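Listed below are the structures to be examined.
In what comes next, chain A is part of two complexes: it sits with chain B in the first one and with chain C in the second one.
The block that comes next holds the complex of A and B.
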């Protein structure tokens, strides 16, 4: 694990040079959120609950979902895309180094830097929305953190596999955009998935997407019984195992196809 | 035992043919036209430990493809490659520990950080013991004279400085084989010379097998006892650089210096290689050399004349530009010996 530890630290060092950039990125990432919050407050006028969500719960949901997204959603697929297209993948392949672990370490560094730089805006938002937000119940804290960890790994594996598709389809940028948008919706970042029609919600429960954002956020809000949480964690874990396997296969298959372009 | 054995290796790339025009690009959404590029065709050779071999040939000859096949980056379509006891495409870590790769047009150093950081990362990746790392590091940085740039971000280095650091990064783990694809590309003459003499000194001393491609003949001349000449994917020649002169030994150069300006009436025979106010170099078939010589010296007032073997550079030019007659490099090579 030592080289990956070093890669993590080097990445942080590198990211730190662009701290202003990242900071602005996070600030602007939060801007649409203000519009969303305002929208919900208007929708709730004259109503106490919508589909079992009080206004406070809804605001907490939207805030926390966005926050988790800022902290967990990877963006390395663009870099991998470039590396494969330009044949730069070659420089990793000739070293005794695992490409997936390399990117895991880098992703962890990026997420960490976002976390550090997001603290100030987060504290500010939470402070100013204090009247609308709810705390987590103590007995859910550990389970919540566990589900966030699962989500982090799941996000990584999903985006890692999507990135590898570049080996087959060189021009995947429009596909990447579609995936980003689709995932944001299916993960429950925009609205709680339980607001969707019941049949869709029942299906989504067994797909990996809802375990990215909706699941941890609902645990935080205490929407699930303990039994349901454990069941959810099992599904999340199963998807992680499945994706570990499929990404390994995809990698081995892709290497046969990889052309190592250039010069 | 051979360090590298390449046995009847071919590599076909399949690439999409894009045709012009809107209709054709719409059509290509459904029917994709593939064309096959034969980048390597039936290439065979073997190398022993400590050899320094130059891989030369015109653009598109398949040099980079061959290097990529040897490092296991791409799978040969046919034939086998063996490096030590490994099949490179198995990508075993034990294999990767023993090779160093510099692709002149790619960058392995971390762009925003200083070269030292990459070196230290390599120490972790290759699991180099601290003491060994320090010795190699000292030695390499001193030989290449890059001590002063070690803590500068890579993005602020000159191309030459960066290339020297690339070399260090590829040598720290003491590989047994070094693959260099155009390591001197774009460098000025002084940097080229420095890298050249460094490679000679270091790799000979450490008995590192080196496979080098370069379009600068000086690199090849200085470093390589043996050259592999590639031409349209085939191995056209495998042997000493000097001996390729015998390749077109049926030709030679005749150089004349005339007393006055060269008369227009002169019959230029086969081919003019060089012409000046008073000097003329022509290429003639060896068989005719005597006759031509006699003719010119008797008809014109010649101050001086000499016969020359065709220089290596010109032989190569000749080989590169001639349409490909030989389909099997190995047979050709055996025929020469």
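The block that comes next holds the complex of A and C.
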């Protein structure tokens, strides 16, 4: 574990050199959220609840979902994409490092730095929206944290596999944009998934996406019974195991392809 | 030349089309869900809102085709000094740095936008050829100019704030605000994005004129503010360049 520890610390130092840039990115990233908050407040005029969500619950949902996204959503697929295109993958192959663990450590550093930098604006936003948000919830704190951890790993594995696609399709950067907006929606960052048409919601319950944002956020809001939380954690865990296996296979398969290009 | 470059990236074009189809489906699903709960948002029903969103997407795609390749790299060009070569050319420097290269890949995004506009007009019952439609088309062109002037000014600002290259992220994020009706914005959000940086009016003015007929006050105000922001961007650019040359020498 030691080399990865070092990678984590070094990446963190690197990132904090660019703290102003990252900070601006995070601040500006909240602008679309502003529009959504205005939209929800307008929609709730003259309405008490929508599908069991009060205005306070909805605003809390939207804010927490965004917070979790800042904390969990990886962006290393762009770096891996550049690296593989430039043929820089080789430099990892000669080192006694696991490529996935290397990126896991770096991703952890990036997420940590973003979280630290995002805390001030987020606290400010939550403070200024106080009239519209729920007081801090205390049910199932541990299970909530467990689901966030699961989501972090799940997010990593999904984006890691998407990044590896670069080995087969060189220019996938436009595809990344598509993946980003699709995942954002299916994860429930934009709208609570339970508001979607019922058939879709029933399907999404079994797919990995809803366990990224919707699941932890709903636990926090107390939308699930205990039984449902445990069941959800099982599904989340199962997807993590499945993706651990597939990403390993994808990597081994990709290496064969990568070698043959070089030779 | 530009065309040839674009054809080389045919795959990119189709991926852009795929991207807008996904975006399209998500937007429809989102608003379908919301309008399952309410019938109107501040007087905007589903079709009217789709017209607004279609217009927003059209303006955004046009902006991307024309400017994304040029404006995104502007601060880097200034900081690295590459801009000196352009300033020496006997051509208007603002014109040249804004329109050097086109991104034809983004043409793929225009089709769904036009479809959305056409379909919602059909649902609302707006005649396709009328005086209002002509004014709408004219105002959309104005919008592109206005948005360009704002974008260019924001990028010029980053010449001053050399350390911050996230300024274009600011503009791109702010553009999402124009997808919603002007009337939902209140307080500081309204002050900032309706009056100071009038990004919300970019779509709202043309669409409300198409829906409610020509309001001469709104029309004049919109044209005047477009001219104002374009002039401002020209002035600000010239002023910043003077500062830039004196700083480096």
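The criterion applied here is as follows: the second predicted complex is superposed on the first by the 254 of 263 C-alpha atoms of A that agree within 3 Å, B and C clash if a C-alpha of one lies under 4 Å from a C-alpha of the other, contacts with A are read in each partner's own complex, and residues count from 1 in each chain.
The working rule: a contact is a pair of C-beta atoms (placed from the backbone, for glycine too) under 8 Å apart; a residue touches a chain by one contact, two chains touch by 3 or more.
For clarity, every value in this text was computed on a predicted model and none was experimentally measured.
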* In the overlay, answer first, second, both or neither for which of chain B and chain C A:174 touches. => second
* To do: Please indicate which partner A:138 is in contact with in the superposed arrangement: first for chain B, second for chain C, both, or neither.
  => neither
* By residue count, is chain A touched more by chain B or by chain C? -> C
* Give one of first, second, both or neither to describe whether A:50 is in contact with chain B, with chain C, with both, or with none. => second
* Where does A:25 make contact in the superposed view: on chain B (first), on chain C (second), on both, or on neither? -> second
* Determine, under the contact definition given at the top, whether A:34 touches first (chain B), second (chain C), both, or neither. => second
* Considering only the touch criterion stated at the top, classify A:198 as touching first (chain B), second (chain C), both, or neither. => neither
* Where chain A meets both chain C and chain B, residue numbers -> none
* Asked: Which residues of chain A touch chain B in the complex?
  -> 2-3, 5-7, 10, 13-14, 17, 87-88, 90-91, 93-97, 255-256, 258-260, 262-263
* Within the complex, which stretch of chain A touches chain C? -> 20-21, 24-25, 28-32, 34-35, 38-39, 41-43, 47, 50-51, 171-172, 174-175, 177-178, 181-182, 185, 190-191, 195-197
* Structure fact -> Residue positions on chain C within touch of chain A in the complex are 9, 11-12, 15-16, 18-19, 22-23, 26, 29-30, 33-34, 37-38, 41-42, 105, 163-167, 169-170, 173-174, 176-177, 179-180, 183-186, 189
* Mind pulling up the chain B residues that touch chain A in the complex? -> 13, 64, 68, 71-75, 91, 93, 96-97, 99, 101, 103-108, 110, 112-113, 117, 120-121, 124-127, 181-182
